[in-house]
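The following pair of complexes shares a single chain, subunit A, combined with subunit B in the former and subunit C in the latter.
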Partner chain A sequence: MTEPVAAVEIEGVTKRFDDVVAVDNVDLAIDDGEFFALLGPSGCGKTTTLRMIAGLDLPTQGSLRIFGEEVGMAPPDRRPVNTVFQAYALFPHMTVRQNIEFGLRMRRVKDPELSQRVAEAIGMVRLAGMEERRPDQLSGGQQQRVALARALVNQPKVLLLDEPLGALDLKLRQEMQQELKALQREVGITFVFVTHDQEEALAMSERIGVMSEGRLLQVGSPREIYERPSSRFVADFIGRTNLIEATVESSGTVRLANGVVIEAETSAPAGSDVAVSLRPERIRVQSRGAGVSAGASLDGEVGDVTYLGHAVVYAVTAGPTLVEVRNEGEVGEPFAVGDEVTVSWDHGAAAVIAE
Partner chain B sequence: MFLASPGALYLLIFFVIPLGLITVYSFATRTSTGRTSLSGWNVESYEAIGDEIILGIIGRSAWLATLTTVLCVAVGYPFAYYIATRPRHVRAVLLVLVMIPFWTNALVRVFAIRFLLGSNGPASALSESLGLGTFRILFTPTAVTIGMVYSFLTFMVLPLYVALERMDWSLTEAARDLYASGAKAFWKVTLPLTRSGIVAGCVLVFVPSFGSYVVPDILGGAKTLLIGSYIARQFRDARNWPLGAALSVLLIVAMLVAVALNQRSGSGAEDGGRPRGRKRRPGQGEAEPVTAVAS
Partner chain C sequence: MSGVVEVGLGRRTRRGLAVWAWAVFAFLYVPIVVLVVFSFNASSRVNIWGGFSFQWYGEALRNDVITSAIRVSLIVALVSTVVSVVLGTAVALALDRYRFRGRRALDGTVYLPIVIPDITMAVMLLVFFAEAFKFIDSFGPRFTLGISTVALSHIAFNISFVCVVVRARLDQFDRTLEEAARDLYATGWQTFRRVTLPLIMPGVAAGGLLALTLSLDDVVISAFVSGPGSTTLPVYVFSSIRRGVTPELNAISTLMLTASIALVLGSLALQRRRAGAGRQTQVL
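Let's turn to the complex of A and B:
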C-alpha cells in the first residue's frame, strides 16, 4: 500500500453562500505534478472550488487536504499554494520586483537567497529589464508573467490559476497556452486551472474535471471527456455533438428514436432510455445508394449547408432527428440543400450516455 | 474686469473682496482710541505675532487641530472601512446615517454635546449612579477635543469611504495568498492604496479645526484660548483689527500650503494607480469667516 499521496484531495466538499449552493458535495483527487483543468460555464462552482483550495473561501462542509495535510479551515497564508488571479491582482503601488518579492518577504526570506530566487523567477518568465516598472506600465501578457513569477517564486506545492488567459487576446492566449505547458513541465509543480473555454482545457491539461451547477460531473483525460462523455451536459458542453434519443436493445446494440438499430457499447440494462452522442466530424455524408461500408447509417435529406473554408457543415434531417455532419478538408460542395443522402459512422464513433 | 459668470461675481463679492480687505487691514495702524487708520502702512501687526502669548495660542491651536485630525483618522478609518465592506444597499443606508447630523446646524450640535457632557447631563448622571461622583469634563481641553472630533468626523469619513470603496479587494486576497497575515495585508496593501483618502481627510479636518472657534468657545468655556477665538476677540472686544487681520492672513496662507501639499500628493500613483477626480468642499461645518475664506 504505497499509493502516492494526492496533491489535492477534496472529499465531500460543499460551499453555501446564504441560500445558494455554489459547490455541491464534490469529491476530487488531483495527482502530484498534474496539469488539471476545472471546466464549466460561469457560475458552475469551479472558481469557488479553486478559492477553497487557496483558502480564500472556506468550505461549509467536507474535507480538503494538500499532500495529505488537512487545510480545509486554514487561512490562505498557512497553505503551501499560490494563486494567479483572474485579473492578476498585481499590487499597483509596487514595482515588478517588489510584487515578485512580496511572498518571500512575508516569509522572511533574506538576501542572498531572496535576490537569487527573484532573479530566477524573473528569468523564468523572461521579464529581465522590467524589474523597476510598475504594473500599469506593462502589457497584458507581461502583467500575466509577473503574476506567474510572483506565485512561482514561492515554490508552492500547488499552483492555482483562475482563468489565467481570459484577459488576453486570442493570439497571445494561444502563445501563453504553450508557454504555460512548458513552464509546468519545467517546474514540475501541480497546476490547477479554472477555465470556461473547453478548447483551452482540452489543449492544455492532462485531466479535466467538468462542473455544472456546483457538481463535478466527470473527471478524465481530454480524450475520455471528449469521446466518452458520461452525461448529456458534458457531451454538449465539450465541442459540438449530435444527441439522439435511443433505447438499449442488448449489451451491444441500441435502437435509435427512428427505429434504426445500431451497434454501440453500453453497460446500461436492456430497455433503458439512453442518448447516443455522435460527434459531427466522425460522421460521413454520401449520396443515397452509394455503398455504405461503415457500421451504421441513416437516410436523410440535406437541410442546410455551411461552408467554413476548412470544413463544410451539413444539417441532415433523418426522420425526426437532425444530424450535424462536419466534413473536414472537403473539396467543392458536393451536396446541396434538398439532396437525398446517407450519413454513416463507424461503430466506435457512437458514445452511449446512460442517463 | 469682465465677469464671465454669476459664479465669478459670487467669488469676487464673497471671497476676493473680503480677502483683499483683510490683507489691506493687516498692514493698517490701530489708533489709541481703537480705530483703524489706513494711513501709514506698516508691518507692526505681523511683528506682534512674534509675541510669546500669541505664539503660545498658535501652538495650542495647532496641537488641538493635530490631535483632532489623528483622532478622526483613528475613529473614521475603521468606520469608513466597515461601511465600504457592507453590501451595496446597506452602504447607502449607513452613508445617509453619516450625513444626517451633518444636515443639522453646527451650533445646535455643539450645544447638544455641551448638554451631554455637562454636570446635569446623562454622562454625569451615569457616572454618579456608578458612584464615581459628578462628571467634570465640560470646559476642559478633553471636552473641546471630543466636540472637535464629533464636529469634523464626517470630513474624514467621506474621503476615506471614497478611497476604500474604490479598493480592489482581490489585492488583499493576493496578499493573503502570498503569506501575509490579515494585519500585514492591511499595512502593506490596503493602507498604502487608500493613502490619498487619508491625506484628503486629514486636510479637510485639520484646516477647519485649526481656525475653529465655535467649538472651543462653547465647550471650552473660552478658558483655553485658541487662534480662532483670539482673532474674533481682536475684531470684537480688543478692537485691534490690524492684528486680527494679520493673524487671519497667516492662517489662510498656512492652510493654502496644506491644501497645495495635499493636491501634490493626491496626484501621485495612489489609489491603485487610478486617476481620481475629487472635488472638495471643506469649511462648511462652521459659520466662521476664517475657514470659509481658506476653503
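Let's turn to the complex of A and C:
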C-alpha cells in the first residue's frame, strides 16, 4: 500500500516581497477531493499562498508539489490548476462563451470536444442562453458562475478560489455557498479557497487552515478549529470567545486567574501559564444560589445586557475577568444589570490554550 | 406645477450667447468655406469668381511636382505611423509595467518631442543627420537628406504621441486580466495577443490616427530634413505660397481637407462598429 498522494503539498514555503515576509515557512498538505479553506485577516498571506499554488507568484524558498509533481517554479500555464479570481477577471471583450472557451483554445482542444465541454460547463453553472452576452451584461452572481465555468471547463486537478463570494451581497452569498459545495461534490476535484470570513469558512469547508502574519497557525476540521483552538489568535478570530488567563495545576485541572480551579484537559506541564477559551454560547447564566448541575462555575454580577432577538448576550463581571455569555432560544428569566448571578459550563466546554 | 424650471440665464443673455457662438463658428469655418468655394473657381484670379469648374483640380493633378509631393507625404505618413505605433506602444508597455535602470529618465524624456518647439526639433534633427552622415560616410556609404530622413524624423516625434495615448489606456488596464489568461494556459505572447492588445487597441488606434495626422500636417521639421525630390505636400504648399496664392493651391488644400475629414469619419465609424460589438471602446 502506498500512501495517497496529496493534491497540494507545500513544504517550508516562504515568500518575501522586498523586505516584507508575506508567507513565512508554511507547511501544508491538502488532500485529493478536499474542500479546503485558507482563513485569516487581510494581509495574513493567504492570498499569496494561493497565488503561489497558481504560479502567479513564485516562492522565495521551499517546495510546492501538485499531486506529487514539483511545480514551485513552473509558470502558470504549466500547472494543472485554475483560479477563480476575486473580482472574477472576466475578459470584457469576449462573450460568455469565448471566456469559457479560452483555456481549452489555449490547449488546442478542437471541436467537437471543445463545444461539448463548453456546453457541459455552461449547463453545470446554469448559464444556458447567456452564451453570447458580454460580462458587463451579467449580474454579479452570473459573472461569478462564468468565472467558475471558465476554470472548471479545463478539468483542473485543483481549483483555486480567491475570496470567490466577496463581491456578492449577503443573500446571494449564502446561496452561492450552497451551490459551490454542491458543485464541489459533483465534480469531485480539490477546492482550495481563500476567505477572511470565518463563518463562510466554517460553513463550507472540510478543513480550514488559519493564517496570521504569514504563518499557518492551525489546520483542522471546522469543529476542531472552533472547539480546540491551538492559539489565542485562532480562538479569538474564529467566532467570539472568552479568554481567561490561567495556570496549569495538574494534567486535568487549571487554576483561573481569580483562584478558581476548574477541570480542563491539557498536555501543558504543571505550573505553565495558559489561557482558557470559553465560547459564550457554551456558558449558562443562573441566579446566584440556584443549584449548579455539573462542571465549573464562577460567581459574578451582570454588567451589561444586549438583546439580539434570537439570543441575549450578558457581560458578567466575575472577579477580575469579564465573561461574555450568550443565551440562545429558551432564555428563561431575563437578568438585569447589577443582578448577582452564577455562570457555569460543562467540563468539555473549556479549551486550554498552551502558550 | 410640473415642467422644467428655467434656471440661471435670462432670455437676453441666452440670445447674446447664441450670437457669440455663431460668431465663433463663422470665424473658424468661413475661411474654409471660402477656400473650398474658390477651388472650384474657373477664373485664374484667386479673389474673383469666374464660374464653377474642376479645372484647377486637373491642373494640380497633372503637375508632376505636386503628385510627387503627395506620394512622398503618403509614404512618409504610412511608414512613420506604422513604425511609431509599434515602437510607441512598446515604450508605453515597458514604462507601464517594468522597472529597469533608467526608467525614470526615459519616462521624462520620451515626452520631450511633444513640448519642445518644432523649430528646435528641426534644427536638432538636421544637426544630428549631418553628424551621423559624417560618421557613416567615413565607412564608405554615402547618405543624403531625402525621404528616409523625413520618415525618421516623423517617427521620432510620433513615438511620443503614440506613447502618451497608449499609456493613458494602460492606466485603466486591469492587470488581473493578464493573470487570468496566464492561469488559463496562455503563454506570455498569447496573453498579449488575445487579452492585452485587444483591450488597449482603442488607444493604439487613436495613437496611430494622431501620428498619421501629425505626419501629414508637418511643415517645419519636414522642410529642414527633406532633400531634393523628397518634398512633402505641406512643404510644397508652404514654399509655393510665397509666389502668391493660386487656385491650384486652393484645390490641393481642399483635397487635403477632404482626406483628413475622411480619416476622422473613418475612425469614428470604426469605433462605432466596435462599440456596437462591445463596451471597451470609448476612445481613451
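Note that the second predicted complex is superposed on the first by the 350 of 355 C-alpha atoms of A that agree within 3 Å, B and C clash if a C-alpha of one lies under 4 Å from a C-alpha of the other, contacts with A are read in each partner's own complex, and residues count from 1 in each chain.
As a working rule, a contact is a pair of C-beta atoms (placed from the backbone, for glycine too) under 8 Å apart; a residue touches a chain by one contact, two chains touch by 3 or more.
On a predicted model such as this, the values are computed, not experimentally measured, just so you know.
Colleague: Given the alignment on subunit A, is it a clash or a fit between subunit B and subunit C?
Modeller: Once subunit A is superposed (C-alpha atoms), there is a clash between subunit B and subunit C.
Colleague: Touch check for A:102: first (subunit B), second (subunit C), both, or neither?
Modeller: Touch partners of A:102: subunit B and subunit C.
Colleague: Report for A:56: first if it touches subunit B alone, second if subunit C alone, otherwise both or neither.
Modeller: both
Colleague: Return first, second, both or neither, reflecting whether A:353 touches subunit B, subunit C, both chains, or no partner chain.
Modeller: After superposition on chain A, A:353 lies in contact with neither partner.
Colleague: Kindly classify A:75 by the partners it touches after superposition: subunit B alone (first), subunit C alone (second), both, or neither?
Modeller: The answer is both, since A:75 touches subunit B and subunit C.
Colleague: Is A:152 touching anything from subunit B or subunit C once the two structures are fitted on A? First, second, both or neither.
Modeller: In the superposition, A:152 touches no partner, neither subunit B nor subunit C.
Colleague: In the overlay, answer first, second, both or neither for which of subunit B and subunit C A:83 touches.
Modeller: Touch status of A:83: both partners.
Colleague: Taking the contacts subunit A makes with subunit B in one complex and with subunit C in the other, which residues are shared?
Modeller: 54-56, 75-77, 81-83, 85-87, 89-93, 102-103, 106-107, 134, 136, 150-151, 154
Colleague: Residues of subunit C touching subunit A in their complex?
Modeller: 174, 176-177, 179-187, 190, 194-195, 198-199, 278-280
Colleague: If we count contacts the way the header does, which residues on subunit A are in touch with subunit C in the complex?
Modeller: Subunit A reaches subunit C through residues 54-56, 75-77, 81-83, 85-87, 89-93, 102-103, 106-107, 134, 136, 150-151, 154.
Colleague: Would you tell me which residues of subunit A are touching subunit B in their complex?
Modeller: Residues in contact with subunit B: 54-56, 75-77, 81-83, 85-87, 89-93, 102-103, 106-107, 134-136, 150-151, 154.
Colleague: Could you please specify the touching residues of subunit B with respect to subunit A in the complex?
Modeller: It comes out as residues 168, 170-171, 173-182, 184, 188-189, 192-193, 269-270, 272-273.
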